[in-house]
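Pasting the structures here.
Each of the two complexes below includes chain A, the first together with chain B, the second together with chain C.
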Partner chain A sequence: MNWIAVGLKQDLPLGVVIPSRIEDTELAIWRSASGEVRAWSDRCPHRGMRLSHGFVRGNALSCIYHGWQYSENGSCAYIPAHPKLTPPDTICVPTYDCAETDGVIWAALQKPLGAPPAVSSRRPVRSMPVARSARAIAAYFNAPQSTFLEIGSDFDVALALQPCTAAHCVVHALAARGADRKAVSRWLEALRSDLEESAP
Partner chain B sequence: MTAATDNHWYPVAMVSGIDAPRETWLLGKKITLGRDNGACWVRDAAGNPLTVTERFGHLWTSPGQPNRALFTIPEADTPGRRLVDVGSVRVKCSPLRAVENFLDIAHFPFVHTDILGAEPHTEVDRYDVRIAEDVDEVWATKVKFFQPQAAKSASGGITTEYMYRVPAPTCAVLYKTCPPRPGEWDIITLFVQPLTEEWCEVWPWMALYDDASTMAEMVSFQQLIFMQDRSILENQIPRKLPLDPGMEVPTQADMTSVAYRRWLKKIGYTYGAQLVAA
Partner chain C sequence: MILYDYVLSASCYKIRLMAAVLGKPLSLRAVNFHPAREHKSAEMLALNPKGTLPVLQDDDLVLTDSADMLRYLTADRREWRSPQDDQWLAFASGLNDSLGLARLHDILGYEADIDAARASGVTALRELEAHLTDQRFDGVGFLTGATPTIADIACFPNTALAPDGGVVLDAYPSLRLWMRAIRSLPGFIEMPGIHRLHELAHPA
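Presenting the complex of A and B:
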């Protein structure tokens, strides 16, 4: 697996953290005050709390349970219960490669090969959960191995697939720059009905 | 299921809430409970009667042969206390995670913000923890923490002193500075009914000195606190409590939790525990 779309820039403002996932790997995706996007394991090493429930202060992500603060490289910088303690380097959150290009947030669980897919002149429209696997959707478009589908249609649609479970995925849709967003959205809803109704 | 799990007492209902027979779960098995001619009873799925006792406002039972009587809380019997049946909350987490969270103070400023804690008062000073060998219980004493509103009866922030006691694997008792009566302890308990290894029913119970608040006010204060805890408990990964070191990282503030996990391991109580790193 390589670069996978995990969200859209428009849904992740400054100082916000959201949950996401690639298959069984649960992710906390967050944007620091200075605008950098990170993709981390969604689990605080201290007591296993989901970091996607946490909060961003400045350029650090804090766990909501005990306020442990992690700096941008994933290492623990501050433990509020022990303000004078310098946390050991061994306390850190697993981090993943993350990139943001043309309004799409990408993450890679393994070392990525090259740059994220080129979205060319398209722009993001919306993310849409679908009750089919990413593999099934790719097969529906005769591109069984792909997670980035250039569909065409009137709006020059491209779909970035985010595999979640054997029965679910999230589709991040892009369309031609001038395309009517509502029309694209209706096209996507119709596609979702087709996909879900064609489920075995 | 093992004797290490079966031979303990578990809360299964508020005595005041028992009328018509009803089903519930205990340790992954269905049980039925009810009351006939004033006496409460519990039966297993096959209809066999289980041993019962009524104490601290709750009905207790055991699927095995408890090797000792239900623990006591002598302080709760002193006159002038108001006994508060808080009710129950079902939580999708290990019963052991629910107990461990109850033993934790470092989360107060972040989870119970402006009630049980508030930044910048986040530091947890060293306190004493021991496994009391004579009674086989976990005890933490000299626990101190600054609290903006320690209880319904508190007006303004105070440094509260706590003592924690784990008298049974799924039960914890907190002795806490009593705002209207310095020198006395308020008693707040967490009785946890293990429905399954990853699902529990939590029955908080309190014995407080508080002549000002209504019963409803005391109940809703405690329910507010526990609802805040639930948002944590249902989002810890894994749902079971890891007993082996390596999967989670404790600090000095977590000494009670470390002792609790060590004690569970010592007595062989692994229901709701994760033994190997996933």
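Presenting the complex of A and C:
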């Protein structure tokens, strides 16, 4: 598996952390105060709390449970209960490759091969949950295994698929620059109905 | 003003939240809704024959419908009102019958067709997400415009509490940003299951 879209730039403001996932891997996607976006495992190494419940302070992500603070490379920088302690290097959150291109946030669970898909001149419209697997949607468009589908249509739509479960995925939709985004939104909702009704 | 209140009720929270962001004090009377069913006691039925919560009492006036309470609390605060509010108050009532019912099923053991309640809750969330996404395309962040109204306060609690009823909110970015905007309002208060912003609203 290569680069997978996990969100859109427009949906992740400065200083915000959100939950996401690629199949069984739960992710905390967060944007630091200086604007860098990162994709981490969504578990605090201390007690397993979801880091996506936590909060961003400056360029660090803090766990909501005991306030353990993780700096940009995932290593623990500060433990509030032991303010004089320099946390050992072994306390760190698993981090994944993450890139932000053309308004799309991409993550890769394994070392990615090359750059994220080229979206050409399209721009992001919206992300939308769909009650079908990414695999089923790719098959519906005769592009088995693909996670970036260039559909066409009047709006020159492309769909970046985020596989979640056997029954769900998130579709991140892009369309021609200048397309009426509300019209694209209605088109996507109709497509979602078709996809969900085509379920066996 | 007295609010007969149950802390876990989404509808009671609507009224507490509205009063809090308006800066209007409420005297809270805690009613043991579960497990004691005190809202069906003789004393409460004398006040509200329907036997529901919340109940808002202001001198001789007794209101038993949360939409009426939101209108009453904002009667002198027109900036909290919009011509589109009524449709969203009706929508909020639908949220209560779907997501709200699923939550009561899961947390208090209410009888419900849980699959149907969750499915109609998801349909409603999709509608809300689509509308809020359109609003963002128009450069505004609330249901009826650039500032919140009773429409937002009415729809917020059952939406934010959806996970309590087994409906996940992770994949609805416009809902998340809208809920964040509401949680950033001056005077915002919490309820169990809805916490205040821990992150900074305006990071440097």
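Everything below uses one rule, namely that the second predicted complex is superposed on the first by the 200 of 200 C-alpha atoms of A that agree within 3 Å, B and C clash if a C-alpha of one lies under 4 Å from a C-alpha of the other, contacts with A are read in each partner's own complex, and residues count from 1 in each chain.
In this section, contacts are C-beta pairs under 8 Å (C-beta built on N, C-alpha and C of every residue); 3 or more make two chains touch, one makes a residue touch a chain.
This is a predicted model, so every value here is computed, not measured.
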After superposition on the shared chain, which partner residues are touched by A:I64: those of chain B (first), chain C (second), both, or neither?
both
Mind working out whether A:T147 is in touch with chain B, chain C, both or neither, as first, second, both or neither?
neither
For the overlaid complexes, name the partner, chain B or chain C, with more touching residues on chain A.
C
Kindly classify A:V170 by the partners it touches after superposition: chain B alone (first), chain C alone (second), both, or neither?
second
For A:A81, select first, second, both or neither according to whether it touches chain B, chain C, the two together, or no partner.
first
Kindly classify A:S133 by the partners it touches after superposition: chain B alone (first), chain C alone (second), both, or neither?
neither
Doubly contacted chain A residues - partners chain C and chain B:
64
Of all residues in chain A, which touch chain C in the complex?
7-8, 10-11, 13-21, 33, 54-58, 64, 126-129, 164, 170, 181-182, 185, 189
Which residues of chain C touch chain A once you look at their complex with the stated criterion?
126, 129-130, 133-134, 136-137, 170-174, 176-177, 180, 197-200, 203-204
In the complex, chain B touches chain A at residues 104, 106-107, 109-111, 119, 122-124, 231-232, 235-238, 242, 247-253
Looking at the complex, which residues from chain A come into contact with chain B?
26, 42-43, 45-50, 53, 63-67, 79-83, 85, 90-91
